[in-house]
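The two complexes that follow have chain A in common; it is paired with chain B in the first and with chain C in the second.
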Partner chain A sequence: MKPSSPNQPDFSFRHADTLSKAVGAERYSTDFTPPGCLWAGAKRAGVPHARITAVHVGEALAVDGVKTVLTGADVPGSNLQGIVHKDQPVLAVDTVRHAGDAVALVLAESREALAEALSRIRLEYEPLPGVFEPELALAAEAPLVHPGREGGNLLARGLVDKGDARAAMRGCDVVVEGEFETPMQEHVFLEPPNGTARLTATNGLETVVSTQAPFRDRFEIAHALGLDPMRIRVRAPYLGGGFGGKDGATVQCLLALAALHAGGRWVKMVWSREETFLAGYKRHAARVRIRLGASSSGALQALDSVMYFDSGPYAHLGVEIMALGLEHAGGPYMIPHTRAEGFCVYTNNPVGGAFRGFGVVQASFALERSLDALAARLGMDPAELRLMNALRTGEANCAGVAMESPTGVRECLEAVMAHPVWAGRHTWKEAAPPFKRRGVGIAASCNAMGYGRGLPDAAAAKLELTRTGTFRIFNSVADMGQGNAAAFVQLAASALNQDSSLFEVVQPDTRLCPPAGSSSASRTTYTFGNALLRACEAMREKLKARAALALLVDEPSRLRLAPGVVADEATGRSIPLALLGNMLQRDDRICVDQYVMPVVENPPDTGKAFRLGFPHRFFSHGACVCALEADELTGQVELVECVTAVECGRVLSARGVEQQVHGAAAQGAGLVLMENLAHQDGRILAGDLSTYLIPTSRDLPDLEWLAVDGDEPTGPHGVKGMGEVGIHGPAPAVAQALEDAVGLSINRIPVDPMDVLRALRSNKA
Partner chain B sequence: MSGKIVPTFTLAFTLNGGPVRVETSPGRRVLDLLREDLGLTAAKEGCGSGECGACAILVDGAAKLSCLMLAVQLEGREVVTAEGLGTAENPHPIQAAFVENGAVQCGYCTPGMTIATAEFLAHTPDPDRGQVREAISGNLCRCTGYVKIVDAVLAAAKAAPGESS
Partner chain C sequence: MSRNARCPGSLDELWPLLEEGVTIMAGGTDLLVRRRGQVPAPVACLERIESLRGVRVHEGFISLGACETHASLLRHALVRERLPVLAGALQVLGSPLIRNMGTIGGNIVSASPAGDTLAPLYALDAQLELVSKWGARRVPLAGFIHGPGRTGLKPGEVLAAVLVPPPEPSALQHFEKVGRRKALAIAVVSLAAVILTDGEGVVLDARLALGSVGPTVARCPKAEALLAGRRLDREALLAVGEAMRSEIAPIDDLRASAAYRREVAGNLLLRLAS
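After this line comes the complex of A and B, so read on.
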């Protein structure tokens, strides 16, 4: 299959689904407002750590139009949410552990009554000392986030250990050492968390939610509220963005609890933007200490690193995120001896969670900055240093897993190095206008695909031939904007040799679609795509067999699928799909098949204390060049060029990859240039979009993408995941460019213009 | 139904080319009026405080943030939402350009972006990239990095010179 050029018209299904969005016809979760629905909303704690002494709901109940006010005592079931580790109450009981904890839930007839009632709930607290810094939280005398818990504030420790890093370090010609910090980051999906829910006449629970994991949501709701998961139906329409922030319960359990008290009426819950800042999950803030050693020729020898992840008061996916960070401690490089130790720590800060780049962003920034320091020490070109250490196919990564799947990191580096932004950097820098300093930086990255060993990365796909001879794909993996629904149509249309206009897609619905894992971990197209291709294969064989009956052919294998028909080339006769559709009963028109992502077969004994998701077998690769201009008068930094190459197997849809790379690079650029979720003692100071700034169209250059064609033999048509790898480049590349421009070596992000000014002043002095 | 007895009035305005009369309270947010009372859900709420542009509509040809407007402000006005620009069967050239240029990912920002574009191209029919970036800078998009959106706006300007609103 030939990749389509990004400038060619899109294939028709992507055309249809984006057109429906563009004209405002597509119905997102937030667009369902059933007439006469009730409105639900949570009262948030507002303080980071306290004992609840009283929740006064009387005045709220007195508000006209308020139906009920619920507190922790009203939650049936375990009252605990969490994807792997269940430790987050739906409604707080006794204690609040961060400012966004929900303490009470109001149901009202209107949004106005809801807002009024929420403002009239009075909370009485006895303040508790909090912990807001992971390393301090591990001190013996630190206040405990979950008193009585074995392990105290240490949620989990992890270790990836290959060879003997500490001994090898002693034999290195050069060793660099550093400490690096990456901040919390807000997803800022434009559609806030929201959903609707009701009890059905048969006592089932029906919900429509903006969610990345509809199938898992059933179990999370059921566990928290003591319900039967099989009586819960979750539908996930197209999402207005997710990026990891809608993986795990946002509104789900609160909404379900509200529905239990709504007497069969629909209940709607929509978080405001401020509530999303307060209560939503964040990229984990992390601190990484690294020692990196090499020979005098620049060959990497040893890596010794320690990472601290700030989980906030609940686990969410923190342990798994830390584990993935550890697994990427050595990046896309060949380092014989590696040790990466991680601590995932409870604090009273906002809750950490999944975010595109899942632990890898944090590890990658620290490693790439260390490579810069090493290049400077060795007097080497930073690109050459990366190139000479780039992991080749067959070599073992820092987790000791030999890369059997092709690694394209070298090709990515070569692609961006050949680009004029890198190749012509000296001339460009010399042409800097007055009062501007220019610099260029380069970085490489890799990002694992899928859940890793120990947790089946599975999907089942259902495909139906309709009575009229068209096809219906039951998509089990939510489309948060990445276009997987359209990619599935493209895969199926080509497998069945049909025009894509013959396909429609049913969006995830736990009642209609067979189960699949979440829309996350760069796994969506790979895993569901493979399941779908198998279902297509079954469909093709079935259609040939049934057509053989109608055509009186005794060798079905000689029949072929052609657009709209099953054809017998030998006789020139054919039977239209519409006729077949009409002929078969419904059960016979459906094919279901499944796929489980293969895992590392003989995993090395390098990962200690991991239960799930280690190690990974498949990785996508990337390299990025950023060029920037720093203003000598203001210290402001402008990103002028950002070129990203990614290798993600075969490029099936150039536009699809380009869109993901642009979006990921933009979020990476935001992370390094401006996104500052300032917080103090557990309270977010930049809690809305007027204070937490994300890139606007004026803050970014024309981001560029370079295709590096690869091939993943196990992937659907050779494809690997590519949703995340593009986010890693800008932070380290900008940091290196800043050093190039003004001699400022940053070890934390985002860039502070005051630091730029200080560096310029000390240069002059 | 709500917390207090709120006075209602009959609001009359033109919506996507047709007359509308609706009983509402003067203080109803225009965004809620459109989405919940009139069933037009193209305008989206991304922030509710004038920061994101997802809720943009045209009022007498000017792009306005409907999350910051009250129903009473629509009296006698001419309002166009993204639904009024075009439909799937007959999209507006701007909407078609967004689709053809890959400017739509999650699509949540798109109706607001197309409204901002419609106003912009009406008075700047032949813009350059910098002008486009300036014009849409009040509309946030978290998915695309804006490159394709800028491409789309320029393509729309080419496709329909001088008749974009």
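After this line comes the complex of A and C, so read on.
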């Protein structure tokens, strides 16, 4: 492997799946349509909160080609889905708690019959008052989403603190305070949630599904339906995007339920885009109130924040997402006294779930905006304020965890500050064309890697030498487009000194691959990569030992792997891998090894509500500069430049990192500029792609990436995960740039052009 | 070819299909979206009918065949050079894919107040050539569109061509679309202006049309009259903009509020301030 340097990232490595995807040869889950399969589809509630008084399925059953219609009464097992907290019915039994709840499940011979039958199911309700706002949901008289539940609508409260924030606040020279809101966000993966399932001849369940967590899915399905998880096989081909939205059951339990009634036939389920908007998980909407205090020199002293997360009616990963939000309340900054309190609240809104940036997006926007306010109060440059408070290696973050892993936030800030977009901003702003106001903003961020303490972040890797002398990597962590499968090939090819063309990747299959955690939490390349490198090490030693037999060498350690062969440099002799592969029996051609991500060894005495996944030991870092033009006549905001620096240990694949930064920055830009579900009383008004707008290529500038050199000693080739950190920059950087351009201080996103016009008008007055 | 998609090669082949009640499809970028999820019903695709195609100068008009796609019109020199206000709208209509399929005739008959070609065609005083098996008639575009999705197209009739009287070569032609993003976005407000000035910069004739601010595209006669005789300076354009705000009836929807539309509708002309 060639070393990469910050100025000359190595772009030479090509992803093995680039060609197959480009020519349409790659088979996604949605491409798997066995001949003669049945089609399954869910009847959705359509109302946010109601008691079900009747489900009339007679007319649907009468539709030609309809095999069966199932309701909540037909669900065996607990009828509860959920990753940590099990509270989401597969099919609603007596109550619907959000408009996307599934109330009935139809199996039909064709998609046409399925659609017809779904339209003929009649639901009778007794409407219930709903709660749509987390703080109102906590009021004593608020309607209950889960009546009888201890704690009412409060799913969880958490506290992460260090020192004495409230006392320290009183001693601060300057204190700013504010309230900030970040909205629900739709993932908008290209491939909708979908899958296929059947009962096997031996009463096992086999599924092919677009999922980020094939191994965990078995347990979620089994718990919900009362099945044996070890008799469930899940295959996860490449995903056409996930971003967190396929971390947890989408189609899985519904499909499995359908398969139980399909008599061994394959059943396929594909959500439409509209159904995905209605029923899929969303980034949690959050409200954050912050007080941030500093000395007159700008040194941060105290942070006191309260966060409310709108979980919708089910927990999904809401508590874990809130935990990460609280853990990132202080961002990548050194703040001696911190207090972050969080409330995760049930409502009748769409279900909150995992989304790239997992709680950190919400916390980060509020903190960065508060830093802007502080910089303004102190008359300081916002970049300098961030730089002087940047967390250094060894210092404790807001959860009281000392940063053992090298922190690169300072380097990221310095990289973007040296970039012409920031360094030359004054000249650029002065050159604004008629009717345009220009502004430039800067923000920094960090994002934890891995599950955190209490939830082992593990992966096992299996590597096979084939009989023909090539290698097969059994990938246990789904590739949702982030390129981990390609990264695994690169790691293994490098470790075994072989050409990458000799490697084939088997995508996750719970029957063929050893277990691993989900494709999430910026953990994939780190954890599975480490496991794979260990398996490669075992393979190398094995091949040397077996080659020594054939080469009559007494000390296998003197042998070396060279492309296609094991070579003995002392004699110049070598044995081809193909010969070795042919010589060994299959058990002997396979190496399996595993890795568990290290955790914080002496966790601070805080965050007690979070037994699983708190605190975190490793963080990637980022800084972002955005330059924009606001139009005086329309209030429209155009993102003109977006430069992101990321420190993620050593860069293994420059192309991979760059593409993650592109995708993350684009998603962050969408969040701040236009994405808006426009939900009202539990209903999404912008529930399709003609109304819920995400940026097109024309709405985005070149999303520039600056590599910042780092090294994580425990990482595979020094790598830290970085799939998420790039999403945090654009929202606060655009907000700051907007303030710079037109004097508009926004505390909620997305930007509304009307507010820009108002700000322009009041500035002129 | 599917039984449900007919492709007549001439108008004579089309007439019997219309009598059968077959729906006309001129690109389908709007029709097929509206029909999503419904049982397929027969359509008559117009793209193979040669007499509905072509861009030419005819009787003093620039004639645009109704089945010219947005992309083909954009490639045409007559449109680019003589009708830049229309070219400006075509450039930001939908996406490259929509522009390759959608037609100007389809855009007109869909009769959306946000149809991107409509504001320019209103400002250009375009007329429409409508044909049926009984003959042809010519009507002004402005009277043809009655409201969202409602037109004066009679049963058995098809839009054959758009006839545009070319503005003086010296006339200023200006188009701006305000959307919530730069492609694949429905206009929140659009402005088309065709303004003729004398050698001194005094306005001789102004034609102003606004899209997405009412049930149909709106011409602004009061504003036009106000602008005549004045120069395109900030003061005049502010006053004219205020007049334009009084001539429209915008609504609130997901994309923008009525207040925003009204404000912006009166601002856009300022872009021309000298």
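Odds and ends about this structure:
By definition in this document, the second predicted complex is superposed on the first by the 750 of 765 C-alpha atoms of A that agree within 3 Å, B and C clash if a C-alpha of one lies under 4 Å from a C-alpha of the other, contacts with A are read in each partner's own complex, and residues count from 1 in each chain.
By definition in this document, contacts are C-beta pairs under 8 Å (C-beta built on N, C-alpha and C of every residue); 3 or more make two chains touch, one makes a residue touch a chain.
A quick note: this is a predicted structure, and the numbers were derived from the prediction, not measured.
By the touch criterion defined above, A:E206 reaches neither chain B nor chain C.
In the superposition on chain A, contact of A:D593 is made with neither chain B nor chain C. The partner of chain A that touches more of its residues, comparing chain B with chain C, is B.
In the superposition on chain A, A:S20 contacts chain B only, with no contact to chain C.
In the superposed model, A:T634 lies in contact with chain C only, and not with chain B. By the touch criterion defined above, A:T696 lies against chain B and chain C together after alignment on the C-alpha atoms of chain A. By the touch criterion stated above, A:D740 is placed in contact with neither chain B nor chain C. With both structures placed on the common chain, the touch criterion links A:Y238 to chain B but leaves chain C unconnected. Shared interface residues of chain A, touching chain B in one complex and chain C in the other, are 690, 695-698. By the touch criterion given at the top, residues 6, 9-10, 15-16, 18-28, 30-31, 33, 63-66, 108-113, 116-117, 187-192, 238-241, 243, 270, 272-273, 480-483, 655, 658-659, 662-663, 665-667, 688-690, 694-698, 700, 702-703 of chain A touch chain B in their complex. The residues of chain C lying in touch with chain A in their complex are 37, 95, 178, 180-186, 189, 254-257, 259-260, 263-264, 267-268, 270-271.
Remark: chain A residues 115, 435, 632-636, 674, 678, 685-686, 690-691, 693, 695-699, 753-754, 757 touch chain C in the complex.
Against chain A, the residues of chain B that register as touching in their complex are 1-4, 6, 32, 35-36, 40-49, 51-52, 54, 81-83, 85-88, 91-92, 95-96, 98-100, 102, 104-111, 114, 129, 132-134, 136-150.
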